[in-house]
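By letter and in written order, the chains are A, B, C and D; residue numbering begins at 1 in each of them.
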Amino acid sequence: MAEPLLEVAGLKTHFPVLSKLLRRRVGTVKAVDGVDFAVAPGEVLGIVGESGSGKTTVGKSILRLIQPTEGSISFEGRDITNLPAAEMMPLRARMQIVFQDPMSSLNPRMTIGRILAAPFEIHGVAKGQELQDRVAGLLGLVGLPEDAAQRYPHEFSGGQRQRVGIARALALRPSLIIGDEPVSALDVSIQAQILNLLKRLQGELGLTYILISHNLGVVSHICDRVAVMYLGRVVESGPREALFFNPKHPYTEALLAAVPMPEPGMRRARVPLGGDVPSPANPPPGCAFHPRCPRAMARCAIEAPVPTQLGDGHVVACHLHGG
Amino acid sequence: MAEAVLRAEKLGVAFRIPGGRTKAVDGVTFELRHGETLGLVGESGSGKTLTSLALMRLLESPPAELSADSIVFEGRDLLGLSEAEMADLRGARLSMIFQEPMTSLNPLMTVGRQIDEPLVRHLGLSAAEARARSEALLARVGIPRPSEAAQRYPHQLSGGMRQRVMIAIALACRPSVLVADEPTTALDVTIQAQILDLLRELQDELGTAILLITHDLAVIAETAHRVAVMYAGRIVETGPVAALFATPLHPYTEGLLRSIPRITRIREAELPEIPGMVPAPGQLPAGCAFAPRCAFADAACHAERPTLMPAEGGREVACWKPRHG
Amino acid sequence: MLPYIGRRLLQSVPLLVGVSIIAFALMHLAPGGPLAVYTLNPTITNQDIERIRIVLGLDQPVHVQYFKWALGMFSGNWGNTFFGGRPVLDVILERMPATFLLMGSALSLAILIGCTIGVLGAIRRYSVFDMLATSGAMIALSFPTFWFGLMAIYFFAVKLGWLPSGGMNELGEEGNLLDTLRHLILPVMVLALVITAIWSRYTRSAFLEVMHQDYMRTAKAKGLHARQRLLSHALPNALKPLIALLGIELPALFSGALVTETIFGWPGMGRLFVDALTMKEYPILMGMIMFTALFVIAGNLIADILIAALDPRVRLS
Amino acid sequence: MSASSGFRLSRRGVIAGGLAAPLVLPSGIRTGHAQSINKDRIILGMTQEPVQFNPLLWVNAGTENIPEVCMFDALWDVDENGTFFPNLAAKMPTKENGGISPDGLIWKVELRSDVKWTDGQKFTAKDVEFTYQSIMNPGIAIRSRSGFDLIKNFKVVDDTHIEMELSKPFIPFAWAWQNMHIVPHHLLSKEADINKSAWNAMPVGTGPFLLKQRVAGSHMIYERNPNYHRGAPKVRQFIHKFVPDQTVLYGQIKTGEIDYMGLSGVPNDRWTEARAIPDRVLMSVPQPWVQFIYFNCGKPQFKDARVRKALTMACEMQKSIDDVYYGTTPRTLSYLQPTHWAYNNKLKDYTNDPTGAAKLLDEAGWKIGADGIREKDGVKLKFSCSTTAGVPARQNTQALFQQNWKKIGVEMEIKNMPASVVWGEYTTKSQFDTLLVAWEPTVGMDPDYTARCHSKQIPVKGGVGSNYVQYENAEVDRLLELGVTQGNPEDRKVTYGRIQEILNEEVPFAAQLGTVQGNLAKKQMTGIKTSGYTVNCAWNIHEWGWA
């Protein structure tokens, strides 16, 4: 593997739990609790998991939108875990995020042109006619008409707003884009448009993506490698084909089995998964998945499994495999 | 073929806007048969949720205005019922569950009391009887330790558990029709599977007909017997699930099916997409509403709006140039 | 719950200290001071003023004065008034019942009527009733309280002679409850008018907010009757923000009571405050500020406890 | 905007501000009910409330005078003609009767022997001595030792005789004891701290009434003292009621809820209406305060007396009274009310003469400059005028004078401030240009005016007095020093007449009007004597009754 663009090691991000009445710390949410992965340049990594798995927190921790509790994050060969804000600033241009709901991140009182010009102005890279040209270029890149610059966010549909969000993320030519559920709020037909756009841009601009999603279909379509998270940890990761067609972790299997297929009669044999995802404030001991795991053993309740290499970059953290 | 328990005829929902009215749902006709699941599928703005609220007469009026030739439920036209008569039906014969289990339960009331309410209201049970029945219902929808769970408040339950509670409430009085509006959209995929399985089981048990409203074709494929596809306030295609998914007649249905990203071993370089976007209500083109996005549209499509026309195998399609036809 | 209350009260100590420091500092920073009433009297010489300054302890540095005062407060001694040397707590307490009677009556009446109007307005939004209630509230809020007070006195006391124009009792009728009630009617009416107007707006918007919640739709989909939906579903939920608001609004109500007390010669704390302010009676002002702060803290605490009782999400987290 | 339109605007402001009053109290209102009079009692209504009742500690003149006069007595009082008459003293000491030594230094006072405190104890010279000692006690917050600080030696001769030796002859000394009510030795001498004594709230005195009940914020009820040494009051009860809003108070006297409205009185704009109310009497009571324009003689513009006089000449003084005060207040030309016994009736009113004013300024060398404003030696005749902010009547007065002065090429800027600011160091350290003030004489209602215009009384020049205008005139100094030693009122009248004459020419302060108060009483009330020599509207309360 080439020198990774981003390397995350032992990442932990914990939040205090405060009681409502007393505002006293009554516990800790271990939103991310020991995550390791690396992303090579030009690669698309998918992080999948259900709500509470910590996938969004991983994304925000990488960008230091949330300060991680422990572990290290290296970007372009540089440890950025504890960089002061001033030094983080130029790096922010290199790593961008695209959110699920672009509406909430677009200032409703600014035209699209102003919104797209802002990154250039903040980082002082362009002004005047050059700025205009750059904005026009961005609009063209994401497939929006040039006159969009004069309009306001509310005049656009969800799909178009997401295009604006992507254009803004691309403004400063980042090397890494983190997409946090970028297509989840969109209708299927629009979702396809945005996925195609993301894929095209990746090819044209040589971008690296981390795509955070709960939608396995989306992840399967766009990602090279996939990491499956459960309660703050990566339970299985590996190349897309291995993960989807040769899953090793019972949770990955169950997840895949639960995905409904748009082909009547093609229903897979369900892996019965009882109960709910436990609260990350109070995860079960041992393997966090064991209370719901159909193949749990006595050992699983006591000992947390360590990640095991299965070859070809396929890693699984389960007592059924390896150690 | 089983007889229809619910039949809507030319159902429409309009909104007053400055300078006129805009039709958000227009001429929707369908029937729901005993014990079957009819999937009503469409993207946002297609009018599927408005249709369901209109059936329940839960639309807020004003601003919404309901119109229909008839909505016949168990032999009675709902349009002719007083609000009191309608209230007698709701929760008893005709129930509904909603998309957001997080907000659809009253946060200040124990879940037990919230299930008790329709039992007391419709079946005239005493508080104790109702509670016993509620606990049985909680057990039936798969909530462990039901008598304890009945004492809990919604915020103490997970999303999946809350949706189970919603189902318990809706099915408490054994209704003949359940309207389920995006019942699993807010849930995680493993929980979605559980809830869909539960709905199916309960349907088998109670013979309840389900109108399943969703944007997710995969959910329809797994759950529904028949499906109606809505676009821009109208039904564009109906038919049995297997046939419709195998050979979609309407170009919109076809495009929709193809644009779903699937887990395939060898992935397509590019997802087929439907260009453009759904027109806003009030800005519908003169002809077929889908024509501007349709690869097969010709002058006729732009000129005149197609109506639902019968096709083979009990199917219907509203298209001048149906596919596979 | 008890440890919670104890903790909250403990938490309010720094707040009280902060309030007292700011109030003390502001009072002493303001030009004038209690001896200003003497400065322009030609029969009072500068030596006289210096002498009084020493007797009242005003010659000491402000922080020393503050610590003396704070030490006294800590041991339950609220100090003595500058003019007349009466114990501050006595001076405040002898006015308290009148204010509490007026505010309590006006508040209860206003909340009762205001909530009813608000609920009806929310249920029948845009109806004739709602329009009337809305414009009525706007009118009530756009006229100053003193104007309503004077109008009420003119019509009911001067012109019709039905009710007394001011005071809390007819002379010699102190303790006669019926007489007090007669005197209470006009000031309560005037004070309640404004609170009702505000409260009906709050209630209306709180109910509108609640009535658009998903669980209200669920209740309707269950077939529940309108009354049941209103009472067991909408009301408790709408009450929550209203209780919180009440906790915040209490100080504002205090100031409303002040104007009303002045117009109607109601022997309450509001007038005491105004008089003390004119005379720069620091001990009374400090006492009243502390009293109000305590009152507000207690109000908020009670509001929080009520909310916790109402809302399991607060209670059980 | 021209100055005249500015004036009209502010008049409109007054009308808007008074919006409520005509609505609440339309003239000709029928007040048929509650009109039967309870002749057992008299109810006096006021806007302010006294906070304590110890005569040693009083703060609010006019307000706390009421409990004081109800429960206490002074050695002597002053009547409505300005003449002293004995109260606790057996007779008024004068040079003629030997009470005052010929050199004016020894004052001998004989006390009545038939006076009792209301707890039954006998009133004696010890009580007077204790009162004096308390005044001089540094631990007691006595408001003023003015006058008493002249006492070099205080001697109790026997139970009914005292002798005081003064450090200098000072006729106005009588005012000190007129203004100080005697407190009981036998009760207060035991108090550890008189400042905080509970007695202050429920005192025992010698006065015509006893405090029976106090309802804080509402009223005080007094019972008649049947053993009062000047004769028991005619009514059984006297009630002092507090109605904080003046308009409401006025409404209450109309409805008959109160019998007498004093202290703040009927608003000036309602006098005509008040006079027309049946069964009520409106009394115009002269108050000690005279309203002036104060010229700061320390400022270069006002150094020359001709400038001050010219500015005064230009003012439409009578118009200001008629327009702003509805003609209710008398015009005065001196620091005394025109009704005062020492008022100089020969003074000439030279105001409302812009031509004369302009001429005088020309003579004085103040020429109109390019900008239309007069100037001399680089100094512009341009200044500010300050008073308490937010008093419409005063603002309107200022606006009128501003116009008057503008006409003669003088620019005045209105610069009003909150009371605590304008009357603070801004005044006492003579920082102002001009002020619009209403001030009283300096020693009771004596014509003495040393503190306000003697050259040794300028605070910024190290003086101890209130000569904030920084006025210096050797003749005035001499006359002021003479006046306080003259025992004969006729002699004094001449002396103070001359002082008033000089001041009217040199105008350190231009008198505008004498303030009056419209007290309103039920017609059937008897014994009320309005007096310009006290701010206490109930000074002869023991004589009040019903016809």
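List of remarks:
Assume a residue touches a chain if its C-beta (ideal position, glycine included) is under 8 Å from a C-beta of that chain, and two chains touch if they have at least 3 such contacts.
The model shown is predicted, which means the values in this text are computed figures rather than measured ones.
Shared contact partners of chain C and chain D are absent; no chain touches both. Of all the chains shown, the one with its CA centroid nearest the global CA centroid is C.
With centres defined as mean CA coordinates, chain C is found 52 Å away from chain A.
Distance from the chain B centre to the chain D centre is 87 Å, each centre being the mean of its Cα atoms. Put simply, the C-alpha centre of chain A and that of chain D have 83 angstrom between them. Work out the mean CA point of chain A and of chain B, and you get 31 Å between them. The set of chain A residues that touch two or more partner chains is empty. Residues of chain D in contact with at least two other chains: none. Within chain C, contacts with two or more other chains are made by residues 313, 317.
For chain C in complex with chain D, the touching residues are 30-33, 36-48, 51-52, 54-56, 80-87, 91, 94-95, 98, 146-147, 150-151, 153-154, 157-159, 161, 164-169, 171-172, 174, 261-268, 271-272, 274-275, 279. Touching chain C in their complex are the following residues of chain D: 19-20, 23-25, 29-34, 41, 43, 48-49, 51-54, 57, 59-60, 138-147, 193-197, 200-201, 213, 215-219, 221, 239, 241-245, 247-248, 251-252, 254-255, 257, 418-421, 423-424, 427-428, 439-444, 451-452, 459, 464-466.
Those residues of chain A whose C-beta lies close enough to touch chain B in the complex are 50-51, 157-160, 187-193, 195-196, 199, 214-218, 220-222, 241, 244-245, 254-267, 270, 273, 276-277.
Of all residues in chain B, only 43-44, 158-161, 188-194, 196-197, 215-219, 221-223, 241-242, 245-246, 255-257, 259-265, 267-268, 270-275, 277-278 touch chain A in the complex they form. The touching residues of chain C, when paired with chain B in their complex, are 213-215, 217-225, 228, 232-233, 236-237, 240, 310-313, 316-317.
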